[in-house]
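In the two assemblies presented below, chain A is common to both, partnered first by chain B and then by chain C.
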Partner chain A sequence: MKKAYLLPLEIFGIILALIWLSPFYLMLVNSFKTKKEIFSDTLKPPADFTWANYVQAFKELDFAQTFFNSLIITVGSVVVIIIFSALAAYALSRVKSKVSTVIFFLFVAAMLIPFQSVMIPLVTIFGQLEMLNRGGLIFMYLGFGASLSIFLYHGALTSIPKSLDEAATIDGANRWQVFWHVIFPMLKPITVTVAILNTIWIWNDYLLPSLVINADGMQTIPLKMFFFFGEYTKQWHLALAGLTIAIVPVIIAYFFAQKQIIKGVSDGAVK
Partner chain B sequence: MKKGLWYWAFIAPALFALVAVVVAPLLLGVYYSFTNWNGIEVKEFVGFDNYLKLFDDEEFIQSLKFTVLFAVVSIFLINFFGLGLAMLVTAKLKTNKLLRTIFFMPNLIGGLILGFIWQFIFTKAFDGIGQAFGIESLQGWLSTTTTGFWGMVILMSWQMSGYIMVIYIAYLEGISPELIEAADMDGANGWQKFHSIIFPLVAPAFTVSMFLTLSNTFKLYDQNLSLTGGGPYNSTQMVAMNIFNTAYKQLDMSYAQAKAVIFFLIVAVISLLQVYWNKKREVEM
Partner chain C sequence: MATLDLQHVGKLYDKEVRAITDFNLSVEDEEFIVFVGPSGCGKSTTLRMIAGLEEISEGDFLIDGKRMNDMPPKDRDIAMVFQNYALYPHMTVFDNMAFGLKMRKFPKKEIKERVEEAAKILDLSHLLKRKPKALSGGQRQRVALGRAIVRDAKIFLMDEPLSNLDSKLRVQMRTEIIKLHRRLKTTTIYVTHDQTEAMTMASRIVIMKDGFIQQIGTPKEVYELPNNVFVGGFIGSPAMNFFKGIIQDGKFIITNHAFDISPMYVEAIKAYEGKEVIMGIRSEHITSQAPTGEMALEIPVHVDTVELTGAEQMVYGDLEGQPLIGRADAKREIMMGASLPLYFHTEHVHFFDAKTENRIF
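So, the complex of A and B:
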């Protein structure tokens, strides 16, 4: 009796999944068409299959450089966020005091502040300090990203007994050594979550980098994409090839790490 | 465990970044909103002038209305689809892993890029289907306020339902199969099981999902920029975009900052109320 409804449900699920994928399908088939063919029919597979759109889009996007720019910013920011959030969360969870409570509350409360509310003074201040560059951007990501990361690390640290730190201290280790050799390795699952959540956010972020590093040679994928799209807005064959190029690395990464990614997102939201 | 130098050394980098990047700009922003700051210098203190101007700013009021309506409709649809998808993929389907992977996929891609893809779907593919089958309502999408609104709702529902699904799955999988079996034995039907067992047990998921959908829809900028660009005639412009344009297109810095402060207050109050209500409801259930 239980199995009877499973087959229709299975078919329904597959149809729904195809609907979900249809935007990607349309993007992909049309990216191989000529300008004229997109104009006459958007739904059919390409009759004259062409790579020419990709060759031109790849060049115009300066994709190797642009991809590298995104990579530096994302990896740099995520590493900085992991190191300093873990350290801060460790101190805040191990020293129970009013000061710790207030600082922890400050980090958590900051999650309620929308970016647009601080955007204008932030860019002005950093502009005056001549910090509108990659280093400045990574520092900003630490400021915006530390809250959630500290919150997650703090939650995980409460389940690691203090006696562990004390045992290591008696063996002659100082705080720095205790943290890196004993505690940080035990935080690995939450570090993966923190890394995944921050990577998805920073890799795809548009507004903040558009205000900080919007110069030739520094632009990340979303920035270059916006510029590229503006240039080719009436030329969908090129625009779609460009969009596909931008998406492919993400889909490849997803293919290899989907289990960790979905688990990371789930843990990040539920904990 | 005395608080020592190590304590401050461990906290300092993150705290300094938070203060420099969030706290100081927020406080400075509040100050600027009471002046005629032009982005470089403050000439004089103007009291509540910037805030009073807001009441006569039809474009800002329109963007606020649009944002609220968009957020309400999207939050409802995203949670409805998110829970629906979660129930679908936690049924014992052969394809459930694959389905999860597909439904979640849009969330890995930036809102800016998703908006561009859907711009193609709405303006070109919809047009094509509309012409082929003679459906007039599929033509001319994104050229009116209504189709721009629903275009954004469709885009966000498509994107975020899979994210919210993941959260509901975590709670649904926490429901023990024995509980459902016991209900089956007592002769409970599908609706009774949903209403009396599943719904109360996923209530905490609502708190998290509502918070995430609220903050993501209310503060939306990227998708708004790439899908409609605020058009036609700024009628689909959301608050975030209105603030950005006031500051960086009209270069009216102190006025934009007053909008930004109001925006902060609205977001903070709604978020706190929402968490408070949901926590209360969870306890009562």
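So, the complex of A and C:
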């Protein structure tokens, strides 16, 4: 009886999955076609598989360098966001004063400011300070990512009893050691959540890098991808092959880390 | 091994809310001191000031004669057991116990030896690789104790360590802590709101209320000679019975019952002639059988309810509208709602000033 009850749900789930996967199907199938073939029929499988698109896309994207740029910026930003947000949230949750409450609410309020409203002055100021490109971008991501991350860490920290800090203090740890040896390991589920949220956003971000990165050879994958879409021609065959290449490392990374990611997300839910 | 001195210690929050007033206590080496009192009496705050987790607003705190007011917790050489155990959840039992030693940069070999030794004492050897969440309440409590004893600290502080355990385990851990203290002889300060724990464990009890010390003494002293009505009512189970009455012609009068006062105290009571006083008497001194070789006053008492505890019965009744608890033999048939003659052992009564509630004698 239970099985019969679940059947409609199962069918619904499969349909949903197919809808979700359909863009990937289109991407994969069309990445093997010639440009002409794509425009004649998008849905049909390729007449013959050709890797030529991939070879050309890899070259035009300067993939190794571009991938490395994306990786450096994403990993750098996420690490910086985690360190600073966790420390800031720790201080804000443990030092109870009017000032700390105000600072916390300022961080939370910052989540409501739309990026577009600050982007022009931001880029102008950073340009004047000569803080564009990689370093400047990571610094900006820290600023934009800190709000939500601090909010998440703060919530988790308030549920960690203060007596743990006190026990560690009496055990001889200083503030810094209390944080790194006792508190930070306990925040692991939230750290995973913060890392995932920020990685997805930063890895895929187009607008901010497009404003900040102006040196050649510094572009991230989303930026380079734009070169396939000219004013007069759209090179779909190359773009789709490029996208497939860009997705593969993410899928590999997820494949290796999925145990930690799922555990992190579900741990966070249970506690 | 250490002595502690608290001299005129006080605690103010935000410079106006007073939590502790003029706390004076000298703790001898190897003593087991219990701070007891109702919640909010300041016992935990005092303990936390000793630990260095709270600032001391007034007075001096000394360990072995050295002033410690401004010394950070880690340099006071104390170990503390918390009410919620405060075990590090991501560390194994071994790492939990080793943490304090690691922070103090002990060599690895010594850490291992000390932790294993402590685990043996506390019967935790087979659990060293587990994480706290895989332990029962009693085992967690023992790990918390283990974390304190590996440090070989001068002073142990325990903040209601047994209040999260069920009653059977609590009694068992109580005995284990006493045994541990006998073995290690470390000066210990133990905070509880449970007077039974205080009575059974302490070498001396400090009874507190509203931030003031009410009495300091051995369990026997505070039980037999309570300083005031509060201590009499707080220590002992059931609580001491109190009756309001008037002193007339050197006797204590409740409506038409006159209690003789021992000739020893006639002088002390003279000043209260014609005034209201409070008489205190413990339930074991209000019995259904006349005591042998002691003076007793027989008074018929109205019985409300009777509780059989096993060996005896607790009789809940009232005397001229004032509630009382007495004791009767378990075999005796007692009718609820009826009148029962009870013997008041007049040699075991205490008198308190009705206004100040302080002991007269």
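Definition applied: the second predicted complex is superposed on the first by the 233 of 271 C-alpha atoms of A that agree within 3 Å, B and C clash if a C-alpha of one lies under 4 Å from a C-alpha of the other, contacts with A are read in each partner's own complex, and residues count from 1 in each chain.
Going forward, contacts are C-beta pairs under 8 Å (C-beta built on N, C-alpha and C of every residue); 3 or more make two chains touch, one makes a residue touch a chain.
What you see is a predicted model; the values in this text were computed from it and never measured.
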Room on chain A for both chain B and chain C (clash or fit): fit
Contacts of A:L92 with chain B and chain C, given as first, second, both or neither: first
Contacts of A:I170 with chain B and chain C, given as first, second, both or neither: second
Touching partner for A:V182 - first (chain B), second (chain C), both, neither: second
Partner chain in contact with A:P161 - chain B first, chain C second, else both or neither: second
Contacts of A:T101 with chain B and chain C, given as first, second, both or neither: neither
Which superposed partner A:V250 touches (first chain B, second chain C, both, neither): first
Partner touching more residues of chain A, whether chain B or chain C: B
Angle, in degrees and to the nearest 10, that opens at chain A between the C-alpha centres of chain B and chain C: 100
Nearest-approach distance, in Å, of chain C Cα atoms to those of chain B in the combined model: 7
Touching both chain B and chain C, residues of chain A: 174
Chain A residues within the chain C interface of the complex: 161, 163-164, 166-174, 177, 181-182, 185-186, 188
Residue ranges of chain C in contact with chain A within the complex: 51-53, 73-74, 78-80, 82-84, 86, 88-90, 99-100, 103-104, 147, 151
Partner chain B, residues of chain A touching it in the complex: 6, 9-10, 12-14, 16-17, 20-21, 23-24, 26-27, 30, 38, 41-43, 84-85, 87-88, 90-92, 94-95, 97, 99, 103, 106-107, 110, 112-122, 124-125, 139-140, 142-144, 146-147, 150, 162, 174-176, 179, 200, 203-207, 221-222, 225-226, 229, 236, 239-240, 243, 246-247, 250-251, 253-254, 258, 261-262, 265-266, 269-270
Sites on chain B touched by chain A in the complex: 1, 3-4, 6-7, 10-11, 13-15, 17-18, 20-26, 28-29, 32, 39, 85, 88-89, 91-96, 98-113, 116-118, 120-121, 124-125, 127-129, 132, 158, 162-163, 166-167, 169-171, 205, 208, 212, 215, 218-219, 221-222, 225-226, 239-240, 243-244, 247, 253, 256-257, 260-261, 263-264, 267-268, 271-272
